[in-house]
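Note that the chains take the letters A, B, C and D in the order they are written out, and that residue 1 is the start of every chain.
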Amino acid sequence: MDIGLIGLGKMGGNMRTRMRDAGLTVVGYDRNPELSDVDSLEALVDALPSPKVVWLMVPAGDPTRSTIADLKELLGEGDLVVDGGNSKYTDDAINAASLAEKGIGFVDCGVSGGVWGLTNGYALMYGGAEADVAKVMPAFEALKPADTTDGLVHCGTTPGAGHFAKMVHNGIEYAMMQAYAEGWELLDKVDIVDNVPEIFASWRTGTVVRSWLLDLLVDQLRADEHLDQLKGYADDSGEGRWTVEAAIENAVPMPAISASLFARFVSRQEDDVAMKAIAAMRNGFGGHAVKKG
Amino acid sequence: MDIGLIGLGKMGGNMRTRMRDAGLTVVGYDRNPELSDVDSLEALVDALPSPKVVWLMVPAGDPTRSTIADLKELLGEGDLVVDGGNSKYTDDAINAASLAEKGIGFVDCGVSGGVWGLTNGYALMYGGAEADVAKVMPAFEALKPADTTDGLVHCGTTPGAGHFAKMVHNGIEYAMMQAYAEGWELLDKVDIVDNVPEIFASWRTGTVVRSWLLDLLVDQLRADEHLDQLKGYADDSGEGRWTVEAAIENAVPMPAISASLFARFVSRQEDDVAMKAIAAMRNGFGGHAVKKG
Amino acid sequence: MDIGLIGLGKMGGNMRTRMRDAGLTVVGYDRNPELSDVDSLEALVDALPSPKVVWLMVPAGDPTRSTIADLKELLGEGDLVVDGGNSKYTDDAINAASLAEKGIGFVDCGVSGGVWGLTNGYALMYGGAEADVAKVMPAFEALKPADTTDGLVHCGTTPGAGHFAKMVHNGIEYAMMQAYAEGWELLDKVDIVDNVPEIFASWRTGTVVRSWLLDLLVDQLRADEHLDQLKGYADDSGEGRWTVEAAIENAVPMPAISASLFARFVSRQEDDVAMKAIAAMRNGFGGHAVKKG
Amino acid sequence: MDIGLIGLGKMGGNMRTRMRDAGLTVVGYDRNPELSDVDSLEALVDALPSPKVVWLMVPAGDPTRSTIADLKELLGEGDLVVDGGNSKYTDDAINAASLAEKGIGFVDCGVSGGVWGLTNGYALMYGGAEADVAKVMPAFEALKPADTTDGLVHCGTTPGAGHFAKMVHNGIEYAMMQAYAEGWELLDKVDIVDNVPEIFASWRTGTVVRSWLLDLLVDQLRADEHLDQLKGYADDSGEGRWTVEAAIENAVPMPAISASLFARFVSRQEDDVAMKAIAAMRNGFGGHAVKKG
């Protein structure tokens, strides 16, 4: 199979490698000429046989939208665009409808795997018409983990089904990480237990909480027992926020995932903003507030 | 009525004044001789006519326990001890049982009012036998707000009923303050609204969120629009914690009050501890973690 | 002042009465001819002197949008539309821009007061240009509570400023109500306190938690001590959801307000949906799950 | 090694089998004579060579306390009691001190594994003096999963260290389960995705959320896609509550774990109690409340 791949950063670059290792012919384009196989989107499209399949690994939002607008000019009836970036699921319906005006198919695909994907394979969650999915299936097969039927799922025929599933995956991930983090904070603080890294390590076999995230945490704790080298600061990437928004829109209670999201927000505040208002009220009724230095 | 009052700090001192203004004879004792009317607990007890009524405004825990132990030696059949401090409700049953061994009555009393109590009166929530409550009623009447039947409630005959009600009052207070704080943070952050102090001020009449806490917050916001002078830091006093513990013990869901308590905990951390574990896991799967300077 | 008022339901009808009582000339229109003063929007517009001021009390979303589209046809340069409904703040910019194409001004206004507004006045939070606000000020003065400068606030000149402030007001309201509800559930469940309605009643004077919502709750508890007549079920109206969404969009932590929103969602589920998945996992590791009858 | 095992229910019975399969001589006692190897505690103790090691798998609280009191009479200097039940960590210090009066050692041990433990081995988290731990090590080795150094950890020398670690393990488990449950509820509710069981199945390889709990959930979803056969109801076992209580005592924020605990509480209420108070207030300000049939 021939495939065009737009966006060759850490993620896209590794995916190109994995697809080539599986025997696919990949034409990669990136704005950075040192990473790119071709000089332009036009050259990428020209290099592909019809029906052309072009996979985007471009930042969500405007970059993805404008790249799709460009591809709409360059591609035609029967060609296919795959959005493998972190687009919001609501963007997919818009992009699919726009491309459909020229008979161009669209598949949205959430990709999980991070820096481990090159070696272990990527988990892929995709949405779109069966016929469109079939066109890109060799790439899916190349990217997914080997020796398993897991890691690959057609989430629905509605555009956005794949990104929706990936989004919820990330929401779940937030709360799982928060679960370990809360437990670790308590264990690390109390005097009654020693040896917290080895407690976590022991949990990797035979317990209810064993998971890949636990494995990762153990490696980090063994290298830095109290995580002294790390700042208590976490970004969030969009999917967590969208998960809670989708929950609210659908009247689905989501207390743990939202708590995990809010904990990240707080971690990025230099001074705790809401607590200033608490301090103000406490000042009002009893002179408790702590003034700034 | 004659009453002994032990503990003449900010709270106890004001209560002595309010009771004297109402015509009661108050003998006050404090470890600080400058505040104290008498030299010793013995002198305080000696100065009271029988049946003697002694009111404690002493820090909860060991100081209250040891003072009650001392009073058990000095008082006798028919006398009464009132614990007006912030004792945990579970202490009251123990203290009541101990005093009962010598026929000394016990009333627990939660006191709300802070620095405003001297002028506006204190709200009192008390527990104990009817006969014991009757002995201290003139003091209750002197302390409570004037011109209302509110501010005074017999919460139950079981020792601890008063402190339990006061504890829940404080738990509710935590979540109310958190509610305003969250709303304020959002309003203060967005560009779409100006004039946030006046928005809060406008809410004091005709809205669903009008309250005394709102009044206090308005005063603070008018003096310091963005609360720049305050640190985003809030202590917690025991009652909030005990409320959530009692909820857990009774299988009562308490998501908002517990969230408010936890927000205070976070505000006191220099670096966000749990978020270090999140950063560690993010480091493990994708190199996202932020290292310390 | 002459004013057109569209939408004469419970809220709009009372507002017409209050404005008329204040001496305004109100022309009301409602799809229900029994409530309406005129037969049509056209007749309403015709009845007003220029510059014409038309106030909408119409359901948010499509009804408001289509009414504004109709008014755009009927009004002209210098006229003014006031949206006093519960529109989402993001709608206001769209509506304002559309009306501005014909030189028609726009003011958005959040209205609080419910069934009490007719007697006590309504709290009004509005956004828009100073000149537009000036045109509708006599109506604001008529509607607001008497004898106070509270109840009326110009939240900003950006369209949506008023609805944004009202939205946050409602978010705060959700968490305040949740605070009392959690405290009440605990007090009502434990044996240590009797007399829970009177505990709440006592809090109305001298305590930190005194508020109008507390007053309302006391009335209800005195009529039905354990609230046996009520179903544990609460709708939510949009503003609570939008508040949390706006918080997420602005990276503002909102744990208590979101918890309050989610608690309402759960209350409307016949069977607890998420807990079915918990039951499934518990079934998987230990046979704990409860099967349906 | 010879070991006495008290409590031969589902858990204890399987542990006896696994220890015997590993070549240990196990004398089991249960109040149910059909399960028991001996007629009495005395017979069990008599059957063991010195130093005697007795392992308890008895319900936490009074049953464990009274069994330990009985064993204190029967055992002597150099013998050892292992509490492998779900005791609260604070009980361990009391039990250890009591047994120490007669020179009897004590090890507390949290056991994870459920019905899978017989085949896969149990994860063991234990606390106590090195010398005491050494006495029971052959049993630990027999019970733990084979072919790994995981599954076994000495959490500290303070009595309760093992139960504390196990308790936190369970707290983490609560929030992990809640994370999946919230994600599942959203995916199951929206129309945009089909095939939710296969989405979860696909996550088992290559994703960040892969875990043993996920594996269990997939099996259940494949058997009952919408979990229609299960009631949305979950008990909680003590450890989740104690984890949050320990967090509160140590000022550790625990928003996600506490949310998970509270979600279970709500699931067990026939009518949503707190929401009755919300309904009451809504009734007070706007006539919104839903009355009971």
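Here is the rule we go by: a contact is a pair of C-beta atoms (placed from the backbone, for glycine too) under 8 Å apart; a residue touches a chain by one contact, two chains touch by 3 or more.
For clarity, every value in this text was computed on a predicted model and none was experimentally measured.
Note: the chain lying farthest from chain A is B, by mean C-alpha position. If you compare A-C with A-B, the chain pair joined by more contacting C-beta pairs is A-B. In terms of their C-alpha centroids, the spacing between chain A and chain B amounts to 47 Å. Look at where the CA atoms of chain A average out and do the same for chain D: the two points lie 34 Å apart. Between chain A and chain C the centroid-to-centroid distance comes to 37 Å (mean Cα coordinates, whole Å). Residue positions of chain A with contacts to 2 or more other chains are 114, 178, 180, 182, 185, 189, 208, 213, 252-255, 259, 262-263, 266, 273-274, 285.
For chain A in complex with chain C, the residues that touch the partner chain are 208, 241, 244-245, 248-249, 251-255, 258-259, 261-263, 265-266, 268, 273-274, 285. Against chain C, in their complex, chain B makes its touches with residues 89, 112-114, 117, 120-125, 127, 144-145, 148, 150-158, 160-161, 164-165, 168-176, 178-180, 182-183, 185-187, 189-195, 198-199, 201-214, 243, 246-247, 250, 252-257, 259-260, 262-263. Residue ranges on chain A touching chain B, taken from their complex, read 114-116, 177-178, 180-182, 184-185, 188-189, 213, 216-217, 219-221, 224, 227-235, 255, 259, 263-264, 266-267, 269, 271-292.
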